[in-house]
């Protein structure tokens, strides 16, 4: 039980707990805020995994943009401050069972895999993850095409969402 | 040192929670929240596989970044949809948007 | 910059020009033609440099300039796109670059650049002329000037791609681009009914060939797993192909592939029986005729067969078929050409016939000779077409002058005596004509045709030899007929009197091409010509080195030489003799309806293919089968059923079916429907839930089957 | 290792030895020491923050031709302490309709987002929180947390003015982040790393403000917008929406926002210094020792802070649509053009001698600046013609 492991366990608990709050809490704004906590925890996980770039991008993109968008959306689509009535569909217990089954199935599939409990090797000396990532993103024999496609996707989403949310009046 | 299994189990749990949210939240925005959770679970997997696999292969991180892009566009479009629906139907409860039934 | 890089760059300027013109400069005529001609010039420059390098590169045939890169990922490998310049493509590249540049330049003048816009010209119709400030009738500029240059630029791109490609796939791409362009350019004056039909006809006819060619390519790929020449022409690959038998006419795989590819050529280079489109293609502007139907596109077909010669030559049957078709086309088109009065149609049929020569030469295995004739023919045929265009142009001047638009400026019987009006055109046309008819020793055509004849003779294909000789005679004959009717004698119409020489942009290309029409032959003078031992024929050595085994030079034979000498001079002489004072079609002995109507081929096709299908649909299927037979039977059944029905109804239907079965089923269905209806609730989450349950169920089942059982 | 040239590590080693001597596991010891480091840094900044209040008040007074605080202590230096005491002993109101948790969380986050930034500021070659290899992005990340705090404050205080302010602020932040990132990438390109230490180290030869003056300017503008200070202080435009997002806050909570804002301004002055003014480099003076270097950096940061204040108290507030238009139609394109141009020139001139390199970069910027000014002039001319009519403009041109 090293410090890292304790740290991981705390993070994991935070993530799962806040995720549960996200899906259960009544007040949608609170749900969005809990989502932010979850996302932050995930960012910490990335940091634990030495993916510092992703960690920061997670904060920038998810917390800085997506979560804010959510809060706005919630604000724009509510009549009054508090939500009344149950926020869950009737028969949510069935959904819960399904979700549990899914988790069970995933777990079973994973533990059947032989690489399940392997540990990470140290980085080779002088290894620069960010540099590697940058090269991988722009070198033609790696991922430049998916990268460009993703950018096109973003553009399309931008245009589409503007068109959708545009108030024709 | 943390074994890979921890990450995988964590992401599986996160995924299931997100699934639950998607299945059982009333509010469309809340459903989108659930989808975000699921996407994050996927990302955790991707990154941990990168770290625990051959680190010179950046596929994991690159895919994670692409998932970021996808998530961003998904949220943008989804929320735009929700808002325009709210304008016309004055509701964001998914079950009330059931025009497509028999 | 290495030669390989340069080769990559050669096709690019035209296609860039195409997009540039289409997208940006299409408003500005001067800019458009500057762009197009500039692009052609760049390609020409590159081609010349490459050609130079490849001449001075030792054993280019063994180690051609080549580079390729991955293009389309297939399952486990890549389809490569690549360029290659070996001796064959080098020489083809040479004449393509030249003719393309010349024709681009020529088009500027041909479309009356610098003339005022027409008084009542419409896009899609040839310019009708304008009246300048002095009230004179002057030719008017082509309304769709820029579009024309865009199209021919794209066309040039296709041709360069085809020539430079190192695999059949890229070649086919260029091939199809040219198909498209020929469609666009033949139908360039889409206002004319005839042009539209000609365009469609050309497109369709060549398509027939292309389908088979594509089949051949596919077969080849499935057989060898590669389309690149280098891979296919490996000896072991060829051997394997030759040894594999196929169910069709007992051809070997090589033979079948060769045959399929050859059918593509038949379509593209207008060989019998797919030749019908080429004469009609003369509807297009003359530069197009020169470019597509003489210099480059039809040559592409021949080039492809020559290129695939190592493969095709593996199967004697295929070779025989090719030889037969080529020979027949040669003679048959020549005979038709004799009786045509339209200056361009004569050339069109002569083109078909000359292509027939090349194909026949290939059929008898005369590799170098075919390539040689390809090159020379490209030069002098381009020259002839451009010359005829110049003539027509001059005639149009005359027509504009007299203002009598009923006179057909293309009909040779309306001309005559033009040698004084348009000297440059006359001399160049004369050179071209002599080259075409193979005027001995001086002109290019003589050497190439002589080599073909010599090959046919020495390889013992006597029939081929004789037929080709006759065809050559006819060629000389109708060429002289054309020259006589057009240039010699006295003007037969006022228009001809007022015709005058065209602008330098049109004549300069003529002069240059005339130079080639003479000199291009000298590179191929056979080694032991007339028994005096000259240097070995450079062309033969160079192009022959493309093949794995250098084809041995054909021994000189007095028979072949004499024959070609005889037919050429004889034809020319008779042509002059017969037509020196023929004034009108009536006096023309050779206006036999059979020849005049091109052996009624259009009619035959109309009768054999088009009419029957109409008839089949209209009369047979609709009238007889449908109305008579089927309806009759149906009516009979109807009556019978009626009787039986009424009986059945009374005794079974009413009390048994209706009460119990019918209503019962209805009730059940209704009940089921009512109870199943709620499942489609329109609620996304429910759907998701259900699908997940099913997924999990399947997973559980799999788990049970895979793990427990 | 002596104290003067490497104080932090010196103390750290000493403490580690001490703790391990007490029988702690060394990971625990290092953890504690890092916490101590964080604590020391934060408290230092907070105290400095209090000092900043005084600076701000003095400077604004001078700008407005007043004396400013001058009663408590010499030059009124102890005035801010009095302010702090006042804030603390004020009544702490939480509105009835407010969302308690979020309402109380917001100011803390707001200050946190600022303090987080100091984790990556290299005060000296050997004094820095952490050498993050994605420092430039980290700044934006922390900024996004600030945005979050603003929204939380506005929403939780259940007040329309607050919400309007928050919307404005978020719109501004989200849009001005783009030119900011773009311009932060320029030092990144020049230094070949996103790490702050690398960037500062890269400026030993020449400050990036020489190589990329326009970038420095753009960054400053974007930073001012990020800070939500005048002329971009629409989030708290007193005359329109009273006080924007912190309208409902009183006492020390408001104090936290206020302190956060001041410290934020100073911090961006610091980042400006780090990214463009050569960080702790000052003609080799930094070699005297880390503390000197830190002082240099603080001086530069103060200079940046002073410029920000200068702008704030001279330029007047602009309208929200003008502001966003200014960002999307002017600042962002300029930033991107700058980015590409810098990348290009950097690649072209990399292997040339220093003089050529520096001159080249500088002249490129000057040229681009000139072009931009010309474009702007044409634009404003057209605007004037549209509003005042052609004749008057021509007449004006003749004078």
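The letters A, B, C and D name the chains in turn, as written, and every chain counts its residues from 1.
As a convention for this text, a residue touches a chain if its C-beta (ideal position, glycine included) is under 8 Å from a C-beta of that chain, and two chains touch if they have at least 3 such contacts.
Everything numeric in this text was worked out from a predicted model, so none of it was measured.
Of the two chain pairs shown, A-C and A-D, the one joined by more C-beta contacts is A-D. Chain C has its Cα centroid 59 Å from the Cα centroid of chain A. Annotation: 29 Å between the Cα-based centres of chain A and chain D. Between the CA-based centres of chain B and chain C the separation comes to 57 Å, rounded to the whole angstrom.
Averaged Cα coordinates give chain B a centre that lies 34 Å from the centre of chain D. Among the residues of chain C, those in touch with two or more other chains are 685, 689, 692. Residue positions of chain B touching 2 or more other chains, listed in rising order: 19, 23-24, 95.
Counting partners per residue, chain D has no residue that reaches two or more other chains. Pairs of chains in mutual contact: A-B, A-C, A-D, B-C.
The part of chain A that touches chain D in the complex is made up of residues 2-3, 27, 29-30, 33, 36, 52-53, 56-57, 59-60, 63-65, 67-68, 71-72, 75, 81, 128, 130.
Note for the complex: chain A touches chain C at residues 89, 94-95, 98, 101-102, 105, 108. Note for the complex: chain B touches chain C at residues 19, 22-24, 31, 94-95, 97-102. Per the touch definition, chain A reaches chain B in the complex via residues 2, 4-5, 8, 12, 15-16, 19-20, 22-23, 28, 31-32, 35, 38-39, 42, 45-46, 48-51, 53-54, 57-58, 61-62, 65-66, 69-70, 72-74, 76-77, 83, 86-89, 91-92, 95-96, 98-100, 102-103, 106-107, 110-111, 115-121, 123-124, 127, 129, 132-133, 135-137, 142-143, 146-147, 150-151, 153-154, 156-158, 160-162, 164-165, 167. Note for the complex: chain C touches chain B at residues 677, 680-685, 688-689, 692.
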